[in-house]
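If you scroll down you'll find the structure; I have some questions about it.
Chain lettering (A, B, C and D) follows the sequence in which the chains are written, and residue indices restart at 1 in each chain.
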């Protein structure tokens, strides 16, 4: 089961859903996490799922932490035209079916909040270190392209890469089925070593603030990226250890085990 | 989903459920299949499930055949004291959850027919060829032991082997939860090469007919075993090929594939 | 969940369901896709499922594309005797349970449209390049054989191969459970290298048009096959990369990882 | 499905849930199992699940045994302040989804009994043999720390290890979502060879009895640990064999198998 618990049902005007979950390069998680912090967006709901890894994280505050995705909202101010709903989180699903189920749960929840437009953020690993990372973009509907005509975006990503695995892509695809439109922004990153690239995150953030008409300081980006990175890397490393442990446990240990077949 | 379709709802008096599905040595499938044939038991229901392998078998009659389990019934005659319901089939489940779900579906269906007693048949592979195969037995309730005091059964199987994988064991365990009692008969077989051992099947059959008070000729056993064996071996071989094909399809083919990571 | 969305509920007279999904050699996908194009059949429904791979495809039109199966219908004209419903698509399921669930969803949907007859198309890889590919056939009911007596079909496929994995076979088997009858046509193909063989596709198409009494030009077949092939190969390659990526992510990266066991 | 069957609905006053299931070092299973025995707690419910391994255990009593988790309760006496509900068992789930589903089933059942506080017990393998094993602790809420101020507990476990796989951690995390608070006690153990360490179990038990204000004799601990160990090791070994068997069965046996691809 996938459970979403809301502490509040915010009344939002024509809100935009902005999704940044962990993935290659963690561009999405970091860029959207930074936005949430800078805008002091308000957390109002949490999601957990049997499709996440079956472990809890031990935090330095002595507390166990269930793996979760988080919803924050922010009411439009100043030059910003639209209210915003953010989705960030500790992880994505561990099974193919889970990817679909969690994405559909998030979209159905967002739809009830009045969301019709989606921005998802991910990374595109090219294997090379770029000093001026490109932001690639793909759409739920080709007609939307003119809307982003003035942005510095590379829409020819379809020729270079063929697919987007996980939430960043599925949210657009499944959103379309719910009459939600959107754009997926992919920050160019080397992909190796798997660290968070503040430059790629900044490149994506520069696009997002322009699209949304919001103003945030980038001054703290590098510091915050480092903070988030340490947490994200920890979960990544835990997932790998957890998988290794599960694999280990399900393998016979001694080769000399006498075997009898019964059935 | 697991579907059971009945063409008839037989009125049975205190029937015994006799289960023989494919497994190590196929003792169960062969022994119970022979019983069904010899008694001319009547097929009245079929079961198919998403937990079986996702393929159909091509029969020489030009027809495709869905993998199924089958229900036959037989009304007590002569010395036989009880009506009988038989479960045989082409396969068991391909997933752990499937083993439980299919066993529970069969038991719930059998309960509606009035079944309170179960006999399941399996094989126990010892790795050695035995000219006089032992029939091992285990129970849903230790109190039942005296009921079988006069049978030539080895109940000390628990010391030799630790567990029974799949239907033969789960049906007893899950049956107990439904107030059904039973015995699991395990024919001793070498287990290698994986062929059906008519002697082990005969040994188990000799016990079953004694328990049920029925009379059948064993004259055709060896011939029928050969017939059934060819069909069973075919399905086994198909399952292996199917698994291999599935594994093959989900593996990248050329190592030189240029990889880009997106997410 | 498996979702079918229809934009229209066509009123059809005794329609035949014609299914061609990706598989070995892509004979089915290509042959049925060509039919849909040549007949200008009308798309009226789409299916997507959590049992497909969890990624979206990036199209050159800048749009993300959810993996889907498609339904088209065609009203009988000229010599054609029956209305037709076509199922084509980007992929089949990634799990055994998914194969059953998606096939059952398609059949239940087709049944509501009045479908009682099914033609499924697949490929049979022999490992050898044939200049005159045979079309093998298997049936849901051996009695149907006389209906196809005048067609050049090899019904002895059951002796050569044992099973059909996936939709082409399951649709017949599960269809039979819904009182739908049908034939599965398997175009003989080398199977290596895994490319689409226009000759095998043409051989199958020649049978289909005869069975359905329709007339189409084969003039464009080779060209269309090339077009479709490029798209199909792309999805195939993506699936392999996606699987590789998923495998990669779930494996520990450095062997020096300090491990501590907790639980 | 996960099924809980209760033979009794005990009326309990503000009970504490104490959970000890098999895991690394089996500290939890052994410590809580010993408590149940010493307190002569009364068994009142059993849980079985399709998420457990699909086999039954053969006991020396000639009975098959379904894999289960068990609920016992104990009414407060003497210095003890609170009624207790214990969860012990033969195994944990075999799939990630199962870990969540079984933990949620246990918590929902416990909540109906009035449980608001949870103690889970596990082991922490350090790779080194310790003569004075530390008891590590982690909480569902950092505020609880002061409650345990007088106990000899190491709360800095979050810095040393990152996560807890399975029930011991998930029960706290998912419990929190049900307004249940708790502590997870992890006995330090070498983790190799995988045997049950009576010292680590005793260290944890010393904390539990202090927290709960109960008195038990530790005199029998070493003996009981040995008894339980033999049973636990048997199940562990069976799980490994079962997994090996399943892996074996789903692999093609002879490399020379002639393969034909169909689809």
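We adopt the following convention: a residue touches a chain if its C-beta (ideal position, glycine included) is under 8 Å from a C-beta of that chain, and two chains touch if they have at least 3 such contacts.
Every value quoted in this text rests on a predicted model; they were computed, and no experiment measured them.
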item: Label of the chain whose CA centroid is most distant from the centroid of chain C; value: D
item: Cα-superposition angle relating the copies chain D and chain C, to nearest 5°; value: 180
item: Classification of the chain B:chain C interface as same or different, half of numbers criterion; value: different
item: Centroid distance [mean C-alpha coordinates] between chain B and chain A, Å; value: 48
item: Centroid spacing, where centroids are CA-atom means, of chain B and chain D in whole angstrom; value: 34
item: Of all residues in chain B, the ones touching two or more other chains; value: 94, 161, 163-166, 237, 241, 245, 261
item: Of all residues in chain A, those that touch chain D in their complex; value: 1, 3, 5, 48-66, 94-95, 234, 237-238, 241-242, 245-246, 250-253, 257, 259, 261
item: Residues of chain D defined as touching chain A within the complex; value: 93-94, 96-97, 99-101, 104, 137-142, 145, 155, 157-159, 161-166, 169-170, 172-174, 176-177, 184, 194, 237, 239-241, 243-245
